[in-house]
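Okay, so chain A shows up in both of these, paired with chain B first and chain C after.
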Partner chain A sequence: MKKVCLILLLITSQVGSIESNEALTNQERELYQQIIQEVRCLVCQNQSVGESNADLAKDLRTEILEQVQKGSSEDDIKNYLLSRYGDFVLYEPSFKKSTYVLWLSPVLIILLILGWLRKIGVIGK
Partner chain B sequence: MAAEFGQLFLISALAASLMQFFLGLNIISLDQTNREILITRFTSIHCLTVFLAMLCLGYSFLTDDFSVLYVALNSHTNLPVPYKVAALWGAHEGSLLLWILLLSLWGTSLAYSKKFFDHTLVLKISSLSILGLVSFGFILFIIYTSNPFERIYPFPEQGQSLNPLLQDPALAIHPPILYAGYVGLAVPFALALASLMSSNDYHWAGLARIWAINSWLFLTGGIALGSWWAYYELGWGGWWFWDPVENASLMPWLVATALVHSLIVTEKKQIFNGFSALLAIIAFSLSLLGTFLVRSGVLISVHSFASDPERGLFILMLIGFFTGGALIIYALNQKRSKPLNLNLWSRESLLLLNNVFLCSAAGLIMIGTLYPLVLELVNSEKISVGPPYFNFVILFPFIPLMLFIGVAVFSSWSGTGKKLLVNINRLALLSIVMGLITSYLILGYETPTATLGIILALWTIFTGAMPVIKNLGSQTHQLIKNLPMALAHIGLGLTVLGITVTSSYGITFDDTLGFGQSKQVGSYEFKLITIEDRAGPNFKAKVATVDIFSNNKKVGTVFPEKRTYDSAAPSMTEAGIDSNLFRDLFVALGEDLGGGVWSMHLQFKPLLRLIWLGPFIMILGGLFRLFLLKPFSREI
Partner chain C sequence: MKRILPIIIFIGLFAFLAKSLFQPQTNIPSPLIGQSMPAFSLGELNTDTSLTDKDILGTISLINVWATWCVGCEREHDFLIELAGNQSIDIPIIGINWKDRDDLALRWLSQRGNPYIVVLSDPIGKTAIDFGVYGAPETFLIDEQGVIRYKHIGPLNRENFARNFMPIIRDLRR
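Up next, the complex of A and B:
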């Protein structure tokens, strides 16, 4: 199905009527541009699908574009990608047991700083 | 023959660096004068032999000696000569040789520095000895795992050429500049350890400051250059990807910035001696970590190319040895400091606070960079940590940091902050009003972070400039005293302004364009005129002509290119960019969809240039400090 869509896209492009961003509202376009920057191209070396020329990246872009056009929300699209490709596909790691430390690290560091400043007596006395 | 000579020079360098190390130890009985003379000579011999080894490798490149494996892998008879030179450090083996060359150059600059006097001579001898040991470790690493002089037989007729991504003027000079920054941090590291092991007082701080500022300058330049290159060469108009390799250079920069500030306090007030020493150790350790991340191949990243694990283990051992050893020396010699009883609003505390924020920023970046690696190792779980994470967590240390920068400028040494509020309230008000006007009336409200970013950037610029403006009428000495600080802070403010505005108000379009068609991006209209063929020295290219209009008036024409190199690598995009101080218009060619229709990447990026103008001004500030205001301290 993906392949078919891509071929369709190419054909329609060839005849000049562009079935790409044209039909999008500004909001949809922003969403599309944002999501393709946050989705990892799985076969590239650390590039988002928005930056890559790889075939997989093109497929994913088409996929995301279609979903945006269908009116799916950001969460819908991301959840769909997650269920299909796993955690690795999103540049924003999800908040779960194994990423607690990662996501809480800013807070932990701030607490550490405050504790240390208290200890050396710069604040709190 | 050149390669064999290179090999010999490398082995001589190994011996010289080992001598340099031993001469600093007490097991060799020598009086101090002779010890100094000898260690200085061996430092120069060490530097000279590494340089000669580099020359030998260069000769192999220029004579297209493809029997040398490294040359065969990274050069080609039709590679333009400047890139044959750049190919010297274009891959793993050569870049490590460059690493050592720069390290030995910094060592030589220390050996011949006129800033040492009788009572600091012991610092000089011990730090040169430590630098000798660092060099020894890395030369050993080169010889055992990454020898650039290795021969192959039978040798190929033709080389595989330099990675096309690297065939670019900015990237040709990027590694030497960035590496000079990385390894320059070895000097404050060595001075800190030398001080900890001997007098353990503040004398090292003034000396370390010189090399800390030097390294900081090179790191700033190297990072900015890398970002600029990524912007126009990687083809998608991004200027920072939070790629592990970029993070590897940003972490030492953040800690080096903290180090430069902490050394001011140690030099002037003779406090925070231990903290400054710790920063010097961490800064160089992060440089080593960066070398490990980039050179071991543990990362999957746009910049790093596959290597074997043997190398990674060797560098890990080097990191363990130098960082671990340094921390042990630090722990054993750390003096219990007297209670300082500092007021929070004194300049000492504020600088300390901001140094802590800078280090936290480096710490958070390190957590984000290493987390996926560790998780995969421990849990076999693969996750990606990218821009959405870093852009979010970096705000935690950076918002208070930017807030306190301006306050610190107006604070006084050992002050209590009584007059502080009176002094800063006007500038604070001015920044808030101007920031609100800019973000609501001129640009249009976007997000609270954008508004806050603009206000904080203006605040940093105003408070940085104020001490100079106030002294405009006074004598030259008074006027230039604050100039380095002012330039550095203004530079930072401009960078933050550029980053905030361009990421909040920039517009990106990925779209298709046919000949004669045009597309509206913001208030600009991009029109594709033609696409023609062009042949370069070692590539073929498609060159598009795109006219850009604003209000039906032509404002520029850009020529984005798509190149296919003879070495059969995937094609490269050369973006077409029309830029001025206020905005960048960016066009990158995508795919040929047939029938004269191409997919294209179009961007409008307001104030993008400030992101690189900022570092440039910061560098000016650093240069002023080094060359305009001498000497650092009468005491050193």
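Up next, the complex of A and C:
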């Protein structure tokens, strides 16, 4: 019984990385694991391809794995996905013209709030 | 007023974010529009011949990604049949059968009719990834040089085809 439990535990804990049991160097495995956490599963949204069991997520994991094995860099792989699926595929979109608002609005909002707090005298002049 | 303003801003922002949270984003813009379609070489359904992206150049065409497991594909099928038979629009539809079984695909086509001039099969979904496909059905409008001019996600129908595809097709043919 103990053995069965252990096996079940091993199987379930492997779900996110089924495709990673092929021969990879530690460095490659790390890169693979990192990328699949940062790429959005587009059909399940709010899950990374590393977390999702959707078919598309599996295909994307296989694709990423193959590219890691070919020796592609993190940027190569991300650009590959970006050129096909667009900014939305990465949880952390790159900093460029179309994403300025996205990246800078939090800073702007904080500055506005600070300014307002000063004005009403909550923080010192 | 001064004290109420932040509360108004807060409520506004809250409403905006809540709306975005509960409304799934279904139409993610494709970076492929205006780009050449990705190179592919796929086997034709139920034959030994294969076709590449070069083989479909020279005419404006549609590439429709479908599967028998796809509910939306069922909904658009009648329209695809109608479109294929429309002499005045006269646009060939190339089917890519995505992550499907050949026998199921063939049965589907024999039962419901076949709107495609050719059906290619992509059982492992590699070409689909190159096309940035994430949910079937998806339809691409390809010009004579092989450039992707438009991409539609979800079932096609008379209304969205007339609104989104026809103006571009007319432009391309002018």
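Note that in this section the second predicted complex is superposed on the first by the 94 of 125 C-alpha atoms of A that agree within 3 Å, B and C clash if a C-alpha of one lies under 4 Å from a C-alpha of the other, contacts with A are read in each partner's own complex, and residues count from 1 in each chain.
Rule of thumb we're sticking to: a contact is a pair of C-beta atoms (placed from the backbone, for glycine too) under 8 Å apart; a residue touches a chain by one contact, two chains touch by 3 or more.
What you see is a predicted model, and the numbers here were worked out from it, not measured in a lab.
*Asks:* Between chain B and chain C, pick out the one touching the greater number of residues of chain A.
*Replies:* Between chain B and chain C, B touches the greater number of residues in chain A.
*Asks:* Looking at the overlay, what does A:V43 touch: chain B (first), chain C (second), both, or neither?
*Replies:* It touches chain C, and chain B stays clear.
*Asks:* Scan A:G86 for contacts with chain B and chain C and give back first, second, both or neither.
*Replies:* Both chain B and chain C are touched by A:G86.
*Asks:* For A:P106, using the defined touch cut-off, is the partner it touches chain B, chain C, both, or neither? Pick first, second, both or neither.
*Replies:* First partner only.
*Asks:* Please indicate which partner A:Q33 is in contact with in the superposed arrangement: first for chain B, second for chain C, both, or neither.
*Replies:* The first partner, chain B, only.
*Asks:* With both complexes overlaid on chain A, does A:D55 touch chain B (first), chain C (second), both or neither?
*Replies:* Only chain C is touched by A:D55; chain B is not.
*Asks:* Between chain B and chain C, whom does A:I77 touch in the aligned arrangement: first, second, both, or neither?
*Replies:* A:I77: touches no partner chain.
*Asks:* Counting only touches as set out at the top, which of chain B and chain C does A:S98 meet: first, second, both, neither?
*Replies:* first
*Asks:* Should A:G121 be classified as contacting the first partner (chain B), the second (chain C), both, or neither?
*Replies:* Only chain B; A:G121 stays clear of chain C.
*Asks:* Considering only touches as defined above, state whether A:I64 meets chain B (first), chain C (second), both or neither.
*Replies:* Neither chain B nor chain C is touched by A:I64.
*Asks:* Show me the chain A residues, by the header's touch rule, that chain B contacts in one structure and chain C contacts in the other.
*Replies:* 45, 86-88, 116, 120
*Asks:* With touch defined as at the start, can you tell me which chain A residues reach chain B in the complex?
*Replies:* Those residues of chain A that touch chain B are 10, 13-16, 18, 20-22, 29, 33, 36-38, 40, 44-48, 50-51, 53, 61, 86-93, 98-99, 101-102, 105-107, 109-110, 113, 116-117, 120-123.
*Asks:* Show which residues of chain B lie in contact with chain A when the two form their complex.
*Replies:* Within the complex, chain B contacts chain A at residues 234-236, 238, 241, 243-244, 299-302, 304, 339-342, 344, 349, 352-353, 356-357, 360, 363-364, 367-368, 371, 375, 379, 381-389, 393, 396-397, 508-512, 514, 570-571, 590-591, 593-595, 597, 599.
*Asks:* Help me check something: in the complex, which residues belonging to chain C touch chain A?
*Replies:* 2, 6, 24-25, 28-32, 35, 38, 99, 124-126, 128-132, 134-135
*Asks:* Under the stated contact criterion, what part of chain A meets chain C in this complex?
*Replies:* 42-43, 45, 55-56, 59-60, 63, 82-88, 116, 120
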